[in-house]
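Next up: some structures, all given as structure tokens.
Common to both upcoming complexes is chain A, partnered first by chain B, then by chain C.
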Partner chain A sequence: MSVQLLTANHAAAMAAASAGRANRTARGFGSGVYPITPQTECIEYLSGLEIERGKVVLVESEHSAMAVCMGFSLGGARSFTASSSNGLAYMAENVYAASAYRLPIVMMAVNRTLGPPWNIWVDHGDTLMLRDMGWVQVYCEDNQEVHDMLLAAFRLGEDPRVLLPVMVCQDAFVLSHTLMSTDVAEQPAVDAFLPPLQLPHRLDTRARTVGGLDFPHEAEVHRRQLHETMGRLPLVWKEVQAAFVETFGRTLPDPVVGYRLEDADVAIVCMGTTAATARVVVDQLRAEGINAGSLRVVMMRPFPGEALREALAHVAKVAVVDRDLSPGIGGILWTELCGTTGHPMAQGYIVGIGGGDVRPEHLARVVADLRGRSTAGQPLIVEVA
Partner chain B sequence: MSHEPLLDGMVGTKRDRTEPLLRAGNTNCGGCGMSVILQLLGRAAADHPLQLVIPACCGIVTAGPFPCSAYGAPVMAATFASAAAAATGLSWVAQLNDEKTRVCCFAGDGGTFDIGFATLSATAERNEDVLYICYDNEIYGNTGGQRSSATPLGASTTTTPTGKTVRKKDVLGIIAAHGVPYVATISLAHPEDAMRKLRYALNARGFRFLHVLAPCPTGWKSEPGDGIELVRLAVRSGLYPVYEVFDGDRAVVNVQSAQDDEALSRYFSLQGRFRRSQVDISSVRAEISRTWRRIAAWT
Partner chain C sequence: MEVRLHGRGGQGGVTCAKILAATWSHLGMSVQAFGDYSGERSGAPVRAYLRVDSSPVVNRNKVYAPDHVLVLDHALCDAAAVLGLRPGGTLIVNTMEDPGALAERFPGYRTATVDATGIAREHGIGSRSVVIVNTTIAGAFARIMGLPFEALEAAFTAMHVERDLPAARAAWDAVRVHEAQGAPRAAPASAAAAPILDLVDHVVGAAPALRTGAWRSTRPVYQTRPAPCSTACPAGNDVVGFTRALATDGPEAASEILARTSPFASVCGRVCAGYCGHACNREAMDEAVNTRGIERWIGDHATIARADQPQTGRRAAVIGAGPAGISAAYQLARAGWRVDLLDAADRPGGLLRSGIPPWRLPREVLDREVDAVLAMGVHWQGGRRVGPAELPALAGEYDAVILATGQSKVMDLDVPGRELNGIEQGLEFLHDANLGLATQISGHVVVIGGGNTAMDCARSALRRGAAQVTVVYRRTRAEMPAIPEEVEEAEEEGVQFRFLRAPLGVYGSDLVGGVELAVMESNPNGGAPTMSEGRDWIACDSVILAIGQRADPATLLPEGWTIRHGQVHALETPLPVFATGDLATGEGTVAHAIGDGARIALQARAWFDECKPAGPRPKGVVRHSEMRFSYFDAIPRLPARKRPAAERVAHSTEVDLGIEDGREADRCMSCGHCTHCDTCLVYCPEGIILRAGDGYGVDLSQCKGCGVCARECPRASIQMVAE
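Our next item is the complex of A and B:
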């Protein structure tokens, strides 16, 4: 193990490069990359790293970055890219195509507010816009997790029972540009953890068309297969977690991670770095005699509805804190939680969109509001500026 | 039904019939120029492992519904603007694994002149080891015949019913200006020249771009049997110069053009798409002269 002081962007690049090298005995590694703040440091760093049987292609747009990755992946190579915000919006057409082609591409996405008006700070609306694209989505809480999740993403996505692309999301600047001590995986360990990629449907010399026309019945079958694969994914994730701890001695989080939930009467549900702030607030509230808990949603796709329902079944009041806003309905996490758990009192709060700094006092205010309610109502936008 | 080889034995051989690049039963219209260039490409690539990357266009529709494929080669369907980028990935996998696979984009004018243009330019700029063939029917044929930036001046389309009022984009000149190893136009009426260029382009390394004027009887409102004759007239009149450019600075004209006005008026009169606008031959002639002066400066 080598512990280094790294930003999440650099930790991500190092994880991607070592995953790329690990496929040198198979068909290699390839990446199409394009800069966008706050992800740029990742692809800058990746471009300078030595990767045996690997190639980083410097393209002219995010749309092409994903297309290059699709070419690499369909050719049987391991593939990675990184993007953010408007880059993801521009890339979207090929994001959809990547999962439709069942290509296990891994993308590091730095969550940033969509513009215009232009804003480079954290907001989950960019990757949540892509939640229906057939990608696995995980949201990280610290730099170590970004590094580890990326390695795990290759193992998960490339599993023959899965064959799906995976998006590893992290908060702009809070993680992307913040230095943290990070255990960087050694190459032999990565080699052991990531078996050579065998893409069963790779484009070889056989005459056939990948991605041609689908009549309604075939289209329905293909979409159903994607959906059913998502359903199997939590079991595969358990195996990936076990292999990861065995190889690296560190644990990967479950799809939902609870904190002091066992006897909680109120709970904060959130994603990303807000979860760390939520734990501080839970401790403060507990010190005041309030039975508070928190729950972090790590995996947004497949959506862990069942796990959420079980974890929150005994909690009387739930504050769902979204760092995104879908105009016309509210927070996306909130709507999905309500739709899958049927929780009788889940109140939606929108906190820290457009990069607002979410501090403990804001989440304390959320819990105070929740405790004062007898029923849930319309989502509230909490000002944090 | 004769099974004698056609075009002096260049196409229609036993191999062409048993292992064609574009198989029988595909959905292309009769007289489609794209079908002809695929026949020639299949012949030229007989000794090459070929991978095709086809964006949205008639070329991917003709592949047919899943799990069928009308192509006798592996095909990756790319999104409309992505062919050259997707081919870049496939081409690098072949290079990283020391494979002889030739990766070939096969795209219409919409995916080349318009929506795929930035991607095409970037792939040329990086000089990727990709052969890009544009079959140019001067129209969005797949969507029913709308104008593209390849549509010539005066042509009626569903979105320019009285005729297009601006000139066609000179995509070959633009790609040549990237300084890539090889760009060329291909005339379907000159199959020997076409085969030579296809073979040269398949063997060359780096980015190669071939532009094919591909008659579209449906969009051009012409007789399916007139396609090759239309290309011959386009060449004879000077409207479609047959030339190649090496490394962006050395041009060779492969077929001398008579610059014949009679051929020009016959080219227009055989197609319904120019009827509405009543193309003025003298202004088209001025435009043709401009193109040839530009090519002359290169030779």
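Our next item is the complex of A and C:
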């Protein structure tokens, strides 16, 4: 392992490049890329890295970037791209196609507020907009996790029981542009962890139609296959976690990660870097004698409803802190948590949308509000100036 | 430990934080470095943050209660910079200010100052509009934090900025510290963060308008700066001005600009060495603009219209009707003086007529421009030789007398055999040849000298019947004072050269039979060549001497009269008598003569308080490195057209036919002169440059001083000046 000072954007590019190299004895690596703040540094850096049997193709739009990735992937190459915010919106049609074609493409998405009006800072609304596209989605908490999750994403998506694209999400600037020490995986280890890609339906000399017309019943079958694959996924993830720790000596997080939850009366549930701040607040509250805990949702798709239900079953009051807003209903994490766990008192809070610096004080105020309630009500938008 | 950095977009504050992070990381610490990222670009106040800890850093908030504050731009060193700074913390600022003075404004903190901008500028870090100080101040900060310089070196290497290490070292050495005293005045740490709103409180409405002009430390100023062609012109012509005028408004407008400084566009466009073109910035991009060709084209294609000037009633006598005398007469006539032009010759023109061959300067071209000067009321008095006896009377008769008799004394050769027949002075030979007086010359002619007179003699000899011409010069070809183009043309016509040869004697009996030459050795230091033991001989039929001439004031000035700074003094008394051209300066070219004639006219007028004398040459000439060549299309230079060598020698017709048309002027990049190209307006990131009057206006309430306009200006006519 070599420890380097890297931004998460660079850490991501190095993971993608080493994953690409690991497929050099098979069909190589191909990446269609288009820049957008705050992920541009990732593809910029990737373009400059040496990748044997690899190609990074700069195209004219995100829509084409994903199309290029699909072409590479259908040809049997390992494929990667990165995007963000409005770029993801423009890419959306092909984002869906990638999963429908069952292509194990990996995308690093930097979460950024959708515009207009223009805003470049963190907000999970952009990738959550794509939550129904048939991709696996994970949300990272630090630079190391971005690097590791990307390596794991290839292994997970390429597993013959899965064959799905994976989106690895990280918070704009808070991770993407922040320099932190990162253990960079060595190539031999990556080679061992990521065997050459064997895409069963890859294009070859035999005539084949991909993406033809789907009549209603066929569509039902295809959608059902996608859904059932998502259902199998947590078991495969456990295997990936085991292989990862064996290869690299570091652990990958479970789909949900609890903190001091065992005897908690109140809990903060959140995603991404807010989780680190939540742990600080939990410690502060514990010091004041309040039995607080927190829980980070790492995997948004497949949604870990069962794991959440189990983890929160004994917690009387839950503050679901969303860094997104679905106008007309509230936070997306909150609605999905409510829908899957049936928790009797899960109150929704929208904190840090548009990129506000979510400080411990904000989350302390959330917990104070939660503790003062006897029932859950409409979601509250917390202003973070 | 938490550090907050305050800088401006473009100064590299975020990179500074990253370098410092790398330094501590090198020492085994856990680090985190990041910046504020925003839609604002260069010049906007930007903060960056650094955390250092012995255990892993998990806090991802911005830094609200820093242990230390680092300020990259002293204008940002205000109460906001120290907000939340812990008592006893270090405030380090890029400023020339003394740390003690800083401590008075910010008590309770350890203060440190370093002139990082000055050091970075000295080390050439950054651009002409923005000096990048991040690596420099990192050196100072590392010193203050007690870090080993080796760790900083390792970080610089890891971040690929090792080139800036000398600047960091200089700041390391230069930083000064003042220890903390008293208690801070600043608000407590918690006030640094925005207040936490109650969950039901909501701020309504848009953000207030941002007056980005408040960020500015420099502002753009539109300036007309001297172009190198114009400053290089010895005649003082506004070369960029007439070239642009030809491109945009045609030959009449261009001629009007030329007429301000010179009556000799057609003449000078033919016989000048073309100093303007040699200075042209475009040479660094593709090829220099053929400005001499353009001047000639303007002179040949514009009508000469000389407006009548209101008469001042003053009278001047100009003695000597060469280019300097005519230039002085012309400028005085333009200023409303009545001028008498006296010369021993029977036609005005001086060396233009007697020295320069017609195949370089056709006489109808010379006559046209000379006649235009005479038509302004300059009264020609040919056949008037003025000597020491006549001058005092003339000085009494006229308000001013201008002496422009040139270099009347030719240098001779003091060698054995000088008395032989067949040795002639070059200027005499040219005089006779040019005025059609010379008999034919024949056989092998040796010309001694390396200047333009030598070239003219050699080529004239060919045209007047010489079978073979050899130029002998005591230095190398590169050292020849002659215009290189003339040397090339002489070569094309068959003139031979023998370099590093100096005449030792002429042999023969009665008639010249040949010259004996010493082989010279070039001086590697550029000084005079030294004579070796080697000898060389050329058998020839005649020898022409073209080894220079000098002024001889004794033939003109009475006893006790001297020339000081262009003005003649009788003992200590200044007289209204002025000397110009080769007589005064010895510069020896037509362009210099024109320039000096105009300058002396000003000096004479200034004597009568009509105007100010000519000022010094303007400074701040635009260098090619300041031009943005990427904005210009490559266009090949329009070459001069020349007659074939055989034809021009056989018929003594004009060698150089000039450029085909005036479109060469379109190649001028207008260095330092705004052309209203709108590049600044287009590139201003704030969109606050607007067309106003005959130029542009900048909305200073919004201009943040980013310097993009100055950086993008294709022709360096915008300067950023400190507020």
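Criterion: the second predicted complex is superposed on the first by the 385 of 385 C-alpha atoms of A that agree within 3 Å, B and C clash if a C-alpha of one lies under 4 Å from a C-alpha of the other, contacts with A are read in each partner's own complex, and residues count from 1 in each chain.
Following the convention adopted for this analysis, contacts are C-beta pairs under 8 Å (C-beta built on N, C-alpha and C of every residue); 3 or more make two chains touch, one makes a residue touch a chain.
None of the values given here were measured: they were computed from a predicted structure.
> Could you tell me whether chain B and chain C fit or clash when both sit on chain A in the superposition?
Verdict on chain A: chain B and chain C fit.
> Considering only the touch criterion stated at the top, classify A:Asp369 as touching first (chain B), second (chain C), both, or neither.
Touch partner of A:Asp369: chain C, not chain B.
> Just checking: does A:Val280 make contact with chain B only, chain C only, both, or neither of them? Give me first, second, both or neither.
It touches chain C, and chain B stays clear.
> After the superposition on A, what does A:Gly330 contact: first (chain B), second (chain C), both or neither?
In the superposed model, A:Gly330 contacts neither chain B nor chain C.
> May I ask you to decide whether A:Arg206 touches chain B, chain C, both, or neither, giving the answer as first, second, both or neither?
Once the two structures are laid over each other on A, A:Arg206 reaches chain B alone.
> I want to verify one number. Taking the Cα centroids, what angle sits at chain A between chain B and chain C, in steps of 10 degrees?
Approximately 70 degrees at the chain A centre.
> According to the stated criteria, A:Gly348 is in contact with first (chain B), second (chain C), both, or neither; which is it?
A:Gly348: touches no partner chain.
> After the superposition on A, what does A:Asp357 contact: first (chain B), second (chain C), both or neither?
Only chain C; A:Asp357 stays clear of chain B.
> So, does A:Gly157 touch the first partner chain B, the second partner chain C, both, or neither?
neither
> Who does A:Leu380 touch here: chain B (first), chain C (second), both, or neither?
second
> Looking only at contacts as defined up top, I'd like to know whether chain B or chain C touches more of chain A.
Of chain B and chain C, B contacts more residues of chain A.
> To be precise, I mean the smallest distance between any C-alpha of chain B and any C-alpha of chain C in the superposed model; what is it in Å?
In the combined three-chain model, chain B comes within 20 Å of chain C at the C-alpha level.
> By the touch definition above, which chain A residues appear in both interfaces, chain B in one complex and chain C in the other?
none
> Tell me, which parts of chain A touch chain B in their complex?
Result: residues 27-28, 30, 32, 53-55, 57-61, 63-65, 67-77, 79, 93-94, 97, 203-215, 218 of chain A touch chain B.
> In the complex formed with chain A, which residues of chain C make contact?
17-18, 21-22, 25, 30-35, 37-39, 57-62, 64, 158, 193-203
> Write out the stretch or stretches of chain A touching chain C in their complex.
5, 38, 118, 120-121, 142, 173-175, 177-181, 273, 276-277, 279-280, 349, 357-362, 365-366, 369, 380-383, 385
> Can you list the chain B residues touching chain A in their complex?
49, 51, 53, 60-61, 63-79, 81-82, 84-97, 101, 118-119, 121-122, 126
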